[in-house]
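Next up: some structures, all given as C-alpha cells.
Next come two complexes built around chain A: one with chain B, the other with chain C.
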Partner chain A sequence: MNNLSLLTQSKTTLFAIVFWVTGSLYGAFGTNSIIQDVLIFTLIWTGVAISWNLTAGYAGRLSLGHAAYFGIGAYTSSILYMKFGISPWIGAAAGMFIAAFVGVLIEATTIRLLGIYYSLATFAIAELLGLMARGWTELTNGMAGLTLPFKASLIHMTFTNKTGYFFIALGFVLLCFTTTALIVNSRYGFYLKAQRDELVAAKALGIATNQICIVSGMISAALTALGGTIYAQYLLYIDPDIGFNWYISVQAALLCLIGGMGTLVGPIIGGILLVPLERVLHSLLGGSYGGLAPAIYGGLLIMIVLLMPKGIASMTSKIKTT
Partner chain B sequence: MNILKVQSISKSFDGLQALEDVSFYVKSNEIVGIIGPNGAGKSTLFNVIGGFTKPDTGEIQFDGQDITGLAPHKIARQGMIKTFQLVKPFGSLTLKQNIMIPKLLKGLSISDSMLQSISILERFGLVGMADVFPNELPYALRRRLEIARAFASDPKILLLDEALAGLTQNELSDIMDILKQMRHDGITILMIEHVMAATMALCDRIVVLNFGKLIATGTPNEVTQNPMVIEAYLGKGH
Partner chain C sequence: MDMVAAIVVAGLLQGGIYALISIGLTLMFGVLRVVNFGHGDFLMVAMYLTFLSVKFFGFDSLAASIITVPLFFITGTILYHLIIKRTFTASDPLLAQVFATVGLSILLQNLTLLIAGADVRQNESQIITGSITMGDIRMESIKILILCSAFVLGILVSLFLYKTTLGKQMRAVAQNITAATLMGINVQRIYGWTFAISCAVIGLGGTLLSMTELSYPTVGLKFSLICFMTVVIGGLGSIRGAILGGLLIGVVEAGTSYLFGPIFSQAFVYVIFLAVLLLRPAGLFGQEGYLEAKAE
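Here is the complex of A and B:
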C-alpha cells in the first residue's frame, strides 16, 4: 500500500471517528430518548454488518442467512433467561457458542457452493430456522413470542434508561471491529483475500481454503448472535418475525455494499448513514404517506450503488488520488 | 533420483477417456516438457498431478511419497507448485502482497515476508511495481508475476501450464532466462508447452501425449524424429 492511499484511508477513518465521538457523547449524556434509540439501533446493525463483512467481504462468501445466527443469539439468551433464570450475559455467551457451532455446520456443508448457490443455501437455512422458531412452541412460545421480564439491573442486562443499552451496543461494535481488524491484519487476512480473489490459485499455493472459510464463518456467526441477544434485551421481546427476519441478513449486506465491502470502515460508514436515514424517513413520512419512506430510501440506495459501485469507502480514496 | 513418478494414470469424464494408462518420471533438477495436440489430455494430467482432479486408477509419487488423492493445498505444501494457463493473480493484493502469500505460508512473519517479497520482485525485474495491482500490469508481466509467486514458495518442482504462451520474442527469452536460472538453483520443472522452439531449447526430455495416451518420451531430438509424434501433429503420410 502506498502512502497516499494510507493517508486517504486514515481520512475516511477520521470522518467515521468524528461521527462516533459525537454520537457517543450524545448516547452517554443526551436526554432525547428518540435520538438515543436511533443511536442504539445504528450500533447494533453496524455490529452485525461488521460481522457479516468478515465472512462476506473478506472471505467472499455472500451469506444471505445471517438472520439465523441473529435469531439463535436472541432466542438462546431469552429462553435461558425465561426458563432457567440464567443471566442474559451467560445466555449471550451460550448463544454465541451455539451460533458458532451452527455456523461451522452450515459452512462445512455448503463449502463447495460458490456465489449465488451459497447465498441461496444460507437464505434457505435461515428461513428453515425461522419456521422452527414458529413451530416449536414449547420452547419459543411460537408466534406469540417471548416477553422478557423488566428487572432493571446490570446482571439482567436490563436498564431503566437507554444509556446502559447504548454502552452495551457500543461495546458490541468495538468487539466486532477489533476482532475483524485483528484477523484482517494477520496472515489469515491475507489468506482470506487471496482465496476470495482466486480460489484455485490459493489452493495451488498451499492455503487451506476450506478451513479458513469455515473458521471465519464461525467467528462471524458468533458475533452476529451477540447482536441478537443485545437486540432482544433492548426490546425485552422476541418473536420469530423479529429474530429470524430475512431482512436482517439483507440489511447487513446492504450496509456493507453501500459503505464498502471488504474494508474495515465500510460497514461503519454504511451503518452511520443508512440506519438513521431509514429511521428518520420512517418517522417523518411513515404515518401520513405509508409507502413513501421506503420508496425514497430505496431510490437513494440505487443512486449510491450506481454512483459508487464499490461503496463509499472506495470513493473517498478515489477523489484524492485522481 | 526420480522426484516425480506418474504410474498408470487413467481418468475418464462421462465415458470420455481423457487419460489412459499414462506413466512417466521426472528426475531431480530436470526440465521436462509435456507436448501434444489440443485435447491430448495435458491439462488433465497436470490437474491430476496437482491434486485438483482425482484419477480413476494409477498412482503419483512425489519425493518418495504417494500423493495420489491428496488435497491440492497439501500437495503444494510438500513443495509442488502449479501455475495456471490463464494467469490467476490475487487482484485485490499488490504485487508485493501477492508474493508475500507463499512466504506467509512458510511461517514467516508479515514483516519478514514483506522483505523477502521485495527481493523476489527484484530478481524478477518487478521491484519498481511492488505497490501496483496486478490488473495494471501488461500481460507479459502478469505471466512473470505468476512464476515469481510460484518461485516464492521455494518449490521442489514447478508445474508450469503454458507459461510461455502469448509472449513476444523478447518477453519469451526473458522468461526462458528466468526458468534456466531457477533450474540452476535446483528447482525441477515440468512444463506443458505449445511454443515448440522454446520447449526444444529448454527441455532435457519431452513427453508426448495424444488422445490421452503417452506416445513417446525422449530428448527433444528423439521425439521430433519419432514417426508417431510426426503423425500426431501432421497426420498420416508425412
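Here is the complex of A and C:
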C-alpha cells in the first residue's frame, strides 16, 4: 500500500512519468536517432534493473551474476535464429524458458548461502557461463561472436529505424514493471519482504521462504533474459564479452542503488538519471579522453553508495512521512 | 612421469603467485570480512606503480617495492577513512562495501587507462633473471622467488596475527566484535590498521606480480576473482589456507589445462570454488563452524 501511495504522490514519480511520456512521444514520432538510441538503452537497462530488483531488492538476495541470464537470453535467440532460422520472438521465449530453468537450478543450489557468499557464487556462475560461451565455439562462434543478419521485418525483430526497437524496449519495461508490481503487492510480495527482513521469524510463521526465493529468482532470470534478446537484436551482434560481461550485473545493481532498492520506482528513476548521463559522458569524452567517462561513473558510484545509501526514492518517501 | 612432475612444478609456481596475491585479501576478507572488490585493481595499480618507479628512478623492479609498500600503506589508510569506514554505518554494510569497492575498481581501472593507456606491459628484473633447470624441468627464477616470498610473507603475517598485540586484537575483532569492544579494543582503529597492512601486502604482491604477469588496465578483475576463490577454497581467516588454496588452484589449473585446454581449466577452477562454497563453506583448511558463527 505504501508503494501505491508512493506511486501516485511523490514528486520523483511525477518526474519519471513526465520523462517517459515525453520520451515515448519522442521515441514514437521523433527522428533524431541519437536521442532514440539513448532512450532505447535507458529502457533496456531499466528493465534489467527492475528484474534484478525483484531478487536483490525484495528477496534480499544480492545477485552479482545477472549477466548469466542476460547472456543466456541473448545467445539463445541468436543461436536459434542463426542456426535454424527461428524467429527471435520464439527465441526470446525459449531464452526466457532456459534462463528460468537455470535460475531455478542456481537458486536451489545456492539457497543455503547468505550475504556475500551468495554474491560470490552467482558471480562465479556468470563467469563460468561466459567461459562456456567462449569455449563452445561450434555453438557460439567463440570470441568472434555471432553477427545477426539484417532482414528488416517484425517477424525477425529487426527494423530499419529505431522506432520499432523503441516500442519493443518499452514493452519490455512495462512487462517487467507490471510483473514486479503484481508480485510485490500480492501476498507473495509480503512473504518476500518478510523473509528478507526477518528470516527466522518468517520461517516461524510458516512462510516457505526457500520456495519463495527460488520462484522470485526464476521470474527475475526470465525477465533479464528477455532484455538480453532485445539487446542482441538491437546491436545485431553478440559475443561473450557483451553477453556475459560482469558490468551488466553491476549496471543493474547500480540503477537500483541510485533510485532506491526494494522500491517499484527505484530502478526507473535510476535508469532515467544514469543511463542518459552515461551515454552523454561517453559521447562527450569518449574520443580523446578514453577512460574519463567511466572513471567519473565509478567516482559517482562511490559517492552515491556513501552519501545516499538508500537511493532517491526512499529519500522522498522519508521526507513525506516525517 | 616427467610430464606429471613438470606439470606439478609449473602448477606450484603459478600457485605461488595466487598465494602471494591472496594474502592481502585473506587479511581483509578472511579475517575481518571486509569485502573489497577493488583488490585486483589495487594489484594492478601496484604493477603500474612499479613501472613508473623503474622509469623515473632507474631502480631495479625488485627495489620498486621500497616505494610501493609504504605508498600503499598510506593510501590504504586514506582509503579506509574516506570510504571503507563509512560503509559500516550504512543500513546494509555488505551492499555498501560491495558497490563502493566496485566503484573504486571502475575508477582505478579507468584512471589507469586515462593516464597510462591500454598497452599491455611486462616488467623485468635485472637481478633475478633466467631460469633454473633441474632434469627436464625448467623453472623461471622470478616465479621461484614469488613462491618463496609467498611462504615467507605467510609466515610473517601469521606470526603477526598470533604473536603481536595488534594481531591478537585483529583476531579478537574478527571473532566477536561486541566482546572485543567490551575488552576495550578500539575496533575502528583495528579495522584501519588491517586495511592498511593488507594494502601494503598488496603493494608488495603487485610489484612481484608485474615481473611475471602481463598488466593492462582491466587485468584486476581476473585477479580479484582468483583471490576470492583462493581465500574461500583455502578457508576464511586462515593464512595457511590461502597459501595451500593458491597452490591447489595452480596445480589443478596446470593439470586440467594440459589435459583439456586453458578454457576448460579456468571453468574447472570455478566449479571447484562453487563446490567448496556449497559443500564445505568453511573452506578446505578453515575451521569448521567458523563461518556459521560469523554469519549468525
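We take it that the second predicted complex is superposed on the first by the 307 of 322 C-alpha atoms of A that agree within 3 Å, B and C clash if a C-alpha of one lies under 4 Å from a C-alpha of the other, contacts with A are read in each partner's own complex, and residues count from 1 in each chain.
By our rule, a residue touches a chain if its C-beta (ideal position, glycine included) is under 8 Å from a C-beta of that chain, and two chains touch if they have at least 3 such contacts.
The structure presented is a predicted model; accordingly, all values stated were derived computationally and were not measured.
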item: Side-by-side fit of chain B and chain C on chain A, or clash; value: fit
item: Partner chain in contact with A:Ile207 - chain B first, chain C second, else both or neither; value: first
item: First, second, both or neither for A:Ala253, with chain B first and chain C second; value: second
item: Vertex chain A, arms to chain B and chain C (CA centres, degrees, nearest 10); value: 80
item: If touched residues of chain A are counted for chain B and for chain C, the larger one; value: C
item: A:Ile17 touches, of chain B and chain C: first, second, both or neither?; value: neither
item: First (chain B), second (chain C), both or neither touched by A:Asp197; value: first
item: Partner chain in contact with A:Leu182 - chain B first, chain C second, else both or neither; value: neither
item: Superposition-derived minimum Cα distance between chain C and chain B (Å); value: 9
item: Complex contact set, residues of chain A against chain C; value: 62, 64, 109-110, 112-117, 119-121, 123-125, 127-128, 131-132, 134-135, 246, 250, 253-254, 257, 261, 289-295, 297-302, 305-306, 309-310
item: Chain A-facing residues of chain C, complex; value: 33, 35, 83, 86-87, 90-92, 94-96, 98-100, 102-114, 118, 217, 221, 225, 228-229, 232, 261, 263-264, 266-267, 270-271, 273-274, 277-278, 281, 295
item: Chain A partner contacts - residues on chain B that touch it in the complex; value: 50, 52, 71-74, 76-77, 81-84, 88-94, 97, 100-102, 104-105, 110, 131, 149-150, 153
item: Chain A residues within the chain B interface of the complex; value: 1-2, 186-187, 190-191, 193-194, 196-198, 200-209, 262
